[in-house]
Structures are given as structure tokens and as C-alpha cells.
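Take a look at the following structure, please.
When the chains are written out, they are named A, B, C, D, E and F in that same order, and each has its own residue count from 1.
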């Protein structure tokens, strides 16, 4: 996961300064932002900057405390303890990134509390030990505020232990640059796709649950680079993933076609 | 699963070009389409075309992450790790086809995220390793948009990682050809069954949850080839599976009988 | 389960011809019909006719995929794989009969899909193998359409893979013959019980959830053969099982007594 | 469980004749009746009469199929199969009594179906065998119709496999005799308690969920035999168990005191 | 648990006589009473009087039948059966006290039925044995009628097997004596706390879920004995535990302060 | 966990005296207070004062009784018992602190009852033993009354076993001192942040679920100490964690900016 070249990330605001200040103070960080805006890439770049390994955990409903902390496995007739990713990060002083943390059950996030305050400790009840986090350990969690519901939300006692950083889609000129670099696309196609993306984001059509992320624009650019017509590429990479509703899809296609004619 | 003869699939639109472009770019693919329209056969043909093995997983509510990724089994007093189908596909560079993916719990699909974006990685927490997907690995998922509900739907963050391809029932002349080939039926029976199928699809009768798929028309043709009267075959293969409601069944029988008289 | 004498089954319509045509084409079969009309006996007779062993699974809410397909068991410090009934049927080319299939969870039935279409394959993920069904394997499922609810129903994608056969209670003269044979009862008692049964079936009394099946008439005949008075036998075998409501029971008793006086 | 003296049971109607006729025909039996009316004692007497051992299972919500049929246990590093009570009854030709069967989940009762019809077989999927029930095996289930709800009810396909016997509280002179014998009480106390019991049964007070069973009258008689005043005994054994509502309890106490003054 | 000094319990009514009569007849006992009125202490005193060991089980939602009866544990590569507390009580002839029995699931209490009627037997299906309860075994359960709901209630068939004893808070002069003895408090403080307790019990303030039990009065007396001011002690031991509502707490504090001025 | 320097805690009321009185009497303690007001630090200081080790358990929905009490683990082919944190505290005479106890299931807290009354005993059913708590053992639980709901609440029978201590945010001058010490911040920044915190606490804005705790003010001070502008620090540490609502966030930012201008 450690790379010698800094992962490609173009900052938009003060997000890098806030991250590094919190990292130096040992304060945990929560990233808020919509689908496909670059949260994962941002953490990869910051881990590189801070010179720490990055351990990523994709959270889900069934993620148990044991999945994070570790468990006993049977080997050669003996049970042997195997560290989970959180415990490994605590021992190695790594950045532990819990992606889409609101998917995890609240009880799983409670295990983070002693790590996330002045104690910086991980009690492992099954081993009967309490680990002090190594220098450099930093907890980072992310979620999409647009998905939150009463059922899927971080507890206030978890939130108040963290420093918040909010990310959004980048401004047009930065987004064009990102698409051109990521998809090895030419400038004109990138600019066209950014215009389509911004039109879809402003449309706010009923039936459209999400807007076109930077990620889907990159996908469309890749299909074009493969030789698909821009219209086919945009329908397959933008309209298709955004909706299953035939009417909404027709509207999206009309938007796409209008901007491709320009 | 690898066959030396290309599986029988007749393209209707640009679905083959989009699939192969996404495959070459390493982008995951989502197939949308109704029951029995040929999604499985399409993936078989594409895997053959791309020269990659095909590993299919029928998704269901109880499919756990361990079922996809692998688990420890006890053998000779030792626990031994056994790869799941997703991990095998990642290692071998196979096409991994998750059939009816919306049946799987959302938390199971979250494990696909690092595989479905620029990382193309599968972190296996229980082994403490992160696999890079082999060249040729491609993730394909399918679902029927007509079944979707709030509870059973792909998350937007999953959808936006994918290229969409939409399939439907083929036009009449192609469907006749498919039935004749698949059921070794004569042209006249195939044409009659296609007319019945299209009549049922247009009927949109209340109480009828699904329309007659290409698959049920092939089944009817097979029963006729076995010597059953066309009416008996159509009732057993088309009307019976489509409804349990006596009234709706009577209407379907009337439609069938009308078209068999022609 | 294989018997050298054909199990006693009296056909009413074309059900035997449809079953054998589907069997020869390798198409799965769904039997619909009310409680106690003879579905199990029909499958036993058809298995005998087709010369294939019969493996029956009584479905229920907790039936897991592992119960059908197989699981690892610990033996002598080693885990050993033990085939489930479905896997045994696939290997031996047996008829696999899933009784009351709507009781099983939908995710359990999804494992049937690759077996129920042109693939005729059973992927066993835990073994990492995919079995081709042996010649003669045939999947048969049954359910009672009267019990179906939104929660307990076969998925359309499962239904459309199958050939439907509908069974009902036999006409009076056939039902008399069946009762006489099954219970070793005299013709007069059998005729009397059939008249009672048909009266109860037409009554459609509120509070009566089911009608008198051929099975309960046979039970009553057996009690009479044991020396019980016809009225006592009919109350214990027909009225008692059909209702717990004192009022409905009194009505049933009145119907029984009226027909016994004839 | 086998006793050389016939357990004390006083018949009220034709229940013994119906039981033994069904037993000889190998038909399963369902006993209906209120709490504490003597269902268990009746089965004990019938098992003695039929000369078969009695195996009783108290049903509950968590009773799994494995609890009935058996499971593998680890012993000396080997898994060893241990029969459940149902399997033992099937092998030994015992009477298997499932007490309060509606408490069991419906899926647990489905395992009874092949045992409860003409097949008289118990398929044990985990052993891969199908047992034929030994001569003398008989399935008996009981429930209280007053408790039944939509959620807790026997399926019709289970009910229609059985012969029904309905039990109630015995008439006064028989109930007096039972109390006198069971509690070694004098005739006068027994008669007094029966009068109290019948008054409470007729009261049908709101807030009173159950009526005074023969069992609570016996308990009261036992406390009197221990030297408690009849009023104290009746309050502790009858009023206290029947209600927690102070008002209802006061009414019951008034009824008790009135009948004790006689 | 056996003590040579009789545990301190002051009887209020005929509860000791009823307990010992039921004990001698082998009848199970249910204790009803509010939080902290002395149910546990009463059972300790009765067990001492009867000369039997006391085995206590604190019931809860997850208490399984195996927790009561026993289970197999793996030891030295062999599974070894370990008796649960109920089984130990049955073998040793102890008093088995199930505290807050309504917390247990109804299916767990069903296992008590054969122990609680004339059979006095504990069938242990997993061992394939049925234990006869040793002389002196007695089942005692307790619950707080004020907590009962439809979901958390004893089944009538369980209740009707038991003798009921109802306990409440003791009259003022007895309660003073208890507090003085238990907290080694002086008579004046005890009398003051009893007056406070009785005032709170009569207040029946909305928002107050429970009244001040004898137990909280003893706690307050202990804090006073430690040197806290009576007001601080009463607020910490009485008002704080009874409510989290600031308004209700203020009212309680006013009551406390008023009575302390006397 | 034992420290030779008393952890930094500044008392506000009589909380230290009440804690130590309850500790000396062996009475369990419940701490009530909002998120981030210093409950954990208070318990650390009291444990140091009492000279007892501190064992902390972060409670959550899945915390089982076995997690608290202990379980058998397989080692070298033998099962070995491993004490849970509660059992260790009981044996060592430690202070056992159950943080956010209302998160635990009620059935888990029931295991605390015999420890929390005059018995001071921990029955471990799986070992068949009952431990007497060592001298110095003290049970402390905490919760936030503002979070409580009907579903997540301590049972009255648990509450009435405990002494209540209520904590809140400290008065301005004490809070300034705490922030200056904890974040090594200068007096002016600390005073500014306290003013912001108090303004937010009084705002009671709709959409704001929690108020600014002492903890978030310390975090903001730490970011300022790292060189961030006070506005950036306050937005990242106060406004971001408190809300995801853009409107509420804008209001908070306005409050922050207003107070920073002073």
C-alpha cells in the first residue's frame, strides 16, 4: 500500500493542512463527502505525505469487533491469535482508514472510543491486554452525509472525538485535469464530460438518487479512449449507473446528447 | 466452464462492443434485464470471446463475505485457508459473474469496492494480505430492474463504479431463430410460440407478475418436440409458471388457444 | 425408496404425459395442488415409471443451502465432506423432490438456478467444483397455491425455469376406488366418506381453513376398519383436524351425521 | 418411563377407544385440551395400555430439527452421531409425545410429515439414511386450542395427517375422585375445591386469562393436607397463579371465601 | 451459599408457612413482588430453614436451555458433559431459584414443565436420560408483576404448576428495624429514611417509574454511616437512581428536604 | 492503567466525596453526564485516589455475558477458561468501569445483580462456581441520560442497586483551566473557545443533536497549537463533528466567527 510516488490528488481547499495538523496531534479524522469525489485517493496521498503505511477496511453491516481487532484461529491443534487490521495499525503506527464507517454497526464503532480520545489505547479483552497505540497511528473514517439515516449514523460520542474534513466535487478546471490524467483522455473530451457532469449535478431530477461523480466521468473517458462513440460511452458510464427508471434515463440521454453536440 | 465453441448468443445492439471496451479497461460491468432474456448466455459468450475463464456465483440473502472470499477449514488438526470464488477469479484473472447481485446483502457487495475502482485490489483481512487482481480479471454483476425495491438495491457507491449494459427480449425474427436452435424445433412451431409470447408480453394483465420470457418459449418448444400437443405444452410451460390465479390462467389459456388456431 | 411394484396412483388428466416429457427433456417440474391430494404419491409413481431413484427433501424455513448441497464434518481430526441430498441426486441421476418448496427461503432456492436451466450444473463453492448433473437427474418441487403469500412464494426467475403440473382432488368414482384400496375399506363406507368429503368441500364454511382431503377420508376409513362407529371415525379424522372452532366443528358434525343417515 | 402399574386416568368419553384404533392403524394423534386437564397423564395411561415405551419432548420456540432427530458430537477427536428423541422412538417403536407442539417452529414440524403419512419414514439427511419406523411407533402431539394464534398454529398439511382427540375438564364427580386420589385429600375438601373450581370456570371474569384447572385444585388440596387453612391454600394455589391483577384477585378471593363458608 | 446463621429476614404475613408447606409437597413456588422488597433474602432464609443448598440463576433474554441444563465441553480432545445449575439442583436436591424468571424466553421455561408437575423429572435430550429430582429439590421463581407485559410473561401452563406467594414492602416499624440492622444505622436516621420512602411511595409522581424500595433506603443509610450529610446521601441513593428527569428529580429533592427538616 | 501521578481532574461539586463513600461501603456507582464532560477522567482519578486498579469495558449491543465473565478457549487440544474483564476485576479487587452501559443488552446487565447487592458475588455457571468479590472491588457504570430511550435504558432493578452521581460541563473558569492544561494552549485561546462553547450550548439550534463538549474545545485548542487559524480549527473540531446539515453548519460558523472577532 506504500508507494514511492505520491498518489495523484489535487487539493481544493485547506483539507491537507487540517489533516496533517490533526495527524500530528494524534486526533482522529472524519471525512465527509459524496460518492466518487476522491476520499480514498485523498487518504492515500496524506498517508504518503505523513510517511505512514495505510490500512484500509471497507465497513459493512456484518463487520464484527473481531474482524477489526482479531480472533483466535485453530492451528496444529492450538488456538493462535491473529491480529485484525485495526490492531495491526495500532502496533505498526499506521493510518487505519475505515471506509463508509456508518455501514458498521454502532457497537463496532464503540471499540474505537478508547483509541479516539486521550487514552489512545486498544483494550483487547480476549487477550486480556491493553495496547498503547504506536507513534504515528491515526484513525481516519469516511462517510457520505447524503446517505445518513437515523439507523445509520455515527453516535455523537464517536463524532465528538474526531476532527471533521468535508470534501466535494472539484471545480471545473481541476476536474478536467483529473479526468485527463486518470483516463489518459484528450483535453476536449475531458472538458465535454465535465460539462455533462455539471449539467447532471444541477438537474436534480426526481428519480435520480445520486449525481454524476468525478469517478463516472473518468469511466466514460476511458470507454471513449477504447474507441466507443462519446454518446455510447456516456450512456453506459453515466446514465446507466445513475438510474433504472426509463424516463429518467431518457432525460439523462437528452442532456448527454445536447452537450455532445456543442 | 471454458468451451472451445463460442456459446450461442445473437447480439441485438452494441452490447458486445461496450462489454469488450469495459473489459479491456478493467472496468466492472452491470447487466440489467428481465428474467430469462439471456444474461447468463451473454456472459458465457463474452468470456469465450475475451479468452478468460468464467466463474459464476448465484447470489442470495445468506451469501456471506466469506462465501465470496474464502474461509479457514479444519484439516488434519490444522486450519487451512480455502479460496472463495471471488478470490480464485482475482488470482486467475477470470471473469467473476455475480448473478442476481441485488439478492446479496449490501454489506457483501461492499467487499467489491476496492476491486471495482482504480485499486483493483482484494484485501483479505483474515489472511492479512491484499491481492492485486491478475490481468484479465473482470467483475460482472446482473440484476432485474423490475424486481428492485428499496430494500434490495445496489448502493450508489457500488453502481457508480460500474459500466451499465441493458438487455431486453430480442426482436421477433431473432427470437424465432433462438427457439429453433435451442429446442431443435421446427420453424412453424417457433414462430407460433413467439407470437404467443409477444401477445402475453403486451397483455400486461393484472395478476401477471412477469411476462413470457424467451426461456419459457424454449421450454414449450421442447415439450412439443417431445410429442405433447402445442396447447398442452404452452399451458404447462407458459401459463402454469406465470400464474397461480385461476382467472389469470384462464385468460392466458384463451390467448394461447387463439394463437394456436391461426 | 425404489420399489419393484409401481406405487398406487390413478391418473386424472394428462399429468403423467407432461411429467415424462419434461423428464426426458431434462426440464424441472413444479407440482401445484392442495393438501393431501396425492402429490407425493404421484412423484413416487413417476420415479418408478422413469426407473430413477427418488430423493425427497421436506422443505422448511431453516433449510440451508448446506442442508441441500452438503457440508464438512469433523472425523478423526480431519474434516470430511458429506454430500447433501441434492448433490447425491445430481451425482446419481436421481429425481430430487423438494416437498413444499415455498417453505424454503428464497436464497436457498437460488442454488437451484444453474441446475434448472441449460447448464444443468451444481456449483459447490466450498469444494471449488462444479458438478454436471448425471443423465436422469430431474428436479421436482411442489407447493400448495392456496398457502402462498407475498413472503412465501417462488421467485419468478425460479418459476420460469420450470414446467407446471396442477393436481386436484380426484373425481368421485376415482376417489372411492383410492379409499377402498388404501384403507382396505368396503365399497359402501368408501362411497359414504366420499359424499361427506364432497359436501365439506362445497360448504366453504367461514372458519374452515382447508377442505377435507383424500387423505383424511382414507384416515376415517381406516378407523372404521378398526371397529369405530362411522360417526366417531369421521369426527376424529375429518372434523377434528379441520377446525378448533366449536361452532364450525358443530356444523361439520351435522354434515357428517346427515350423510351417514343416508 | 414404563411403569408396571397403569397410571391413574379416568376416561370421560370415547378417547381411549379412538386412541387405540389410531395406534393400531399407525395414524398419528393430536390431543387438544386446556391447561392442566390431564393430557400428559392420558398419554402415559395409553402408552401403558399399548405396551410401548413413552418418549416425551416438551416443545419450545428454539427446538431445532437436530434436537428431535439427532446431531454429531465430537468425542475422542471423532464426530459421533447421537440420536435425538424422535429417532430413538422411531427405532424402538415407542410412542413419541410432543407436548405443546404449537410452540415449535413450523419448520421443525415439517420433519414429521414423512413419518405422519403412508411412508412412516424418517429421512436423516445428515446421515444420508431413511429410517422405516419400527412396529409400534406412534406420534402423539398436544396443544391448547385456546392459545392458538396465527403465528402459533399447526399447518393444515400437518393437521390433516392426524387423528384428533379433544379433552376437557372432567365432570364434577370424576374430578372429586381425581383430587381425592392425587392429593390424598378427604372427600369433603375435594368436593369443596371442585365447587370453587367450577365457580371460577363459570365466572369468565375479564382479566382472568385461564380458568382453574384440575391441576390447581389438586395443588390446593395438597397444601390443605400439609395443614394450611383452606382459604390460605386456595389463595396460594388458585387465585395467585391465575392473576396478577389486584382487582381480579380480590374477586377470586371473594368467590373462594363464599364457597368455603358453605 | 449454605450459611450456619439464618439470613436476616423478618416475616410480614403467612409467607413462611406457605413456602414450607409447598416445599414439603414438592410443589414449585412463584414469588411476586416489587424491586428491592427482599425476595432474594426471603429465599435465602427459607433455604436455610429447609436445610437445603440454594442455587440461584439470574434470568435474562439470552439464557438458553443449555445454560440451565448443561452442555458438552471439549476437554483433552474429548467432549465432556458439564451440568448446568438446574441439573445440579435436581441431582443434589437443592432449591433452584430462578430470579426474574419473566426475563427468560418462554421456550426456556418450558423445560421446567416436567419438573414442575407430578413427574418431577428433567429429561436431558442430549444425554438421552431422564433424571428424577432428588428428595428436597424445589423450584422457586420470582418476578415483579409491575414489569409484566404481553411479551414478558409466564405462560399459563407454567403458572398453573406453581404456588404463588406475594411479597410487598414491609410496614414502617419492620422497615425501620431492617434498615437499622442492615446499614448499622442509628434508629433516628432509619426512621427518617422510612418516612421519606413512604412519602415517595405515595407520591406516585408522573415520570417516576418505580418507588423507593427498602434497598435504596438501606443504601442511603450506609452513605450516612460513611459521614455524608443526610441530604447528599438521600439524593445520591434515592432520587438519582429513581429518575433522570430534572423536574422529577427536583420534586424528589423537595420531598427529601422537607422530611429531613422534621 | 495504574498511574503514579493522579490523573488531571478538577472537581466541581461533591462528586468525589460521594464516590469515595460508596466505594468504602462496597456500593456500585452510576455516573450520569453528557458526551465529553469528563466521566472517564473522573473514574481514572478516583481509582488512583482509592489505590485500586481500573478495568474499563466499552459497552455495545453485542457485548455478551461471556465477554464480561469469560469463556473457554481451545488450546493444545484442551479447553482452557479465560477470565473476562469483570471476573478479573472481581478476583483482583479492581474498579470495573462499564462505559456507556445502556448500550449493553439488558440481559447482559442482569449478570451484575448478585454483584451489585449485599451478596457481592459473581456466579459463573459455566465453571459451576460462585466468586466472592475481593475487597476493593467496585462496580462503576456510566451513561448519557440524553440518549436514553425506552429500548436503551437500565432496568429499575439495576438502577436501585446503585448510587447516582451526576456530572455536567464545568463552569467557565474551570473549563478554561482544563483546556489550557490539556491542549497546552495559551489562556486567551482557551477563554475564546470556552465562550464559543457556551454560546453553542445556549443556542439549542434545531438540527443540532449535541452541544459542544469540553472535549471538542480541547481538540480545537490542539489544532490552534499546531498552527491552524482559530476559525479553521473551530470549524474542523466543533462545527464539523456537531452537524452534517449545511444550514446548521452555517449558523455554527457564524457563531464561531462572531466570538473570534471579539
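Simple rule for what comes next: a contact is a pair of C-beta atoms (placed from the backbone, for glycine too) under 8 Å apart; a residue touches a chain by one contact, two chains touch by 3 or more.
Just so you know, these numbers come straight off a predicted model, no measurement behind them.
Using the contact threshold fixed earlier, the set of chains in contact with both subunit C and subunit E is D.
Interface subunit E/subunit F: under half of the residue numbers present appear on both copies, so the contact uses mostly different residues. For the pair subunit A and subunit F, the CA-based superposition corresponds to a rotation of 60 degrees in steps of 5. The mean-CA centres of subunit A and subunit C are about 52 angstrom from one another, to the nearest whole unit.
Spacing of subunit A relative to subunit D, judged by their CA centroids, is 60 angstrom. Averaging C-alpha coordinates per chain places the centre of subunit D 30 Å away from that of subunit E. Subunit C has residues 74, 77 in contact with two or more other chains. The residues of subunit D lying in touch with subunit C in their complex are 14, 17-18, 21-22, 24-25, 27, 30, 32, 64-65, 72, 74, 77-79, 105-108, 110-111, 113-114, 117-119, 123, 125-126, 128, 130, 145, 148, 156-157, 159-166. Put simply, subunit D touches subunit E in their complex at residues 1, 35-36, 40-41, 56-63, 67, 73-77, 82-85, 88, 99-100, 103, 144, 182, 209-210, 213, 215-216, 219, 222-223, 225-228, 232-233, 236-237, 239-242, 244.
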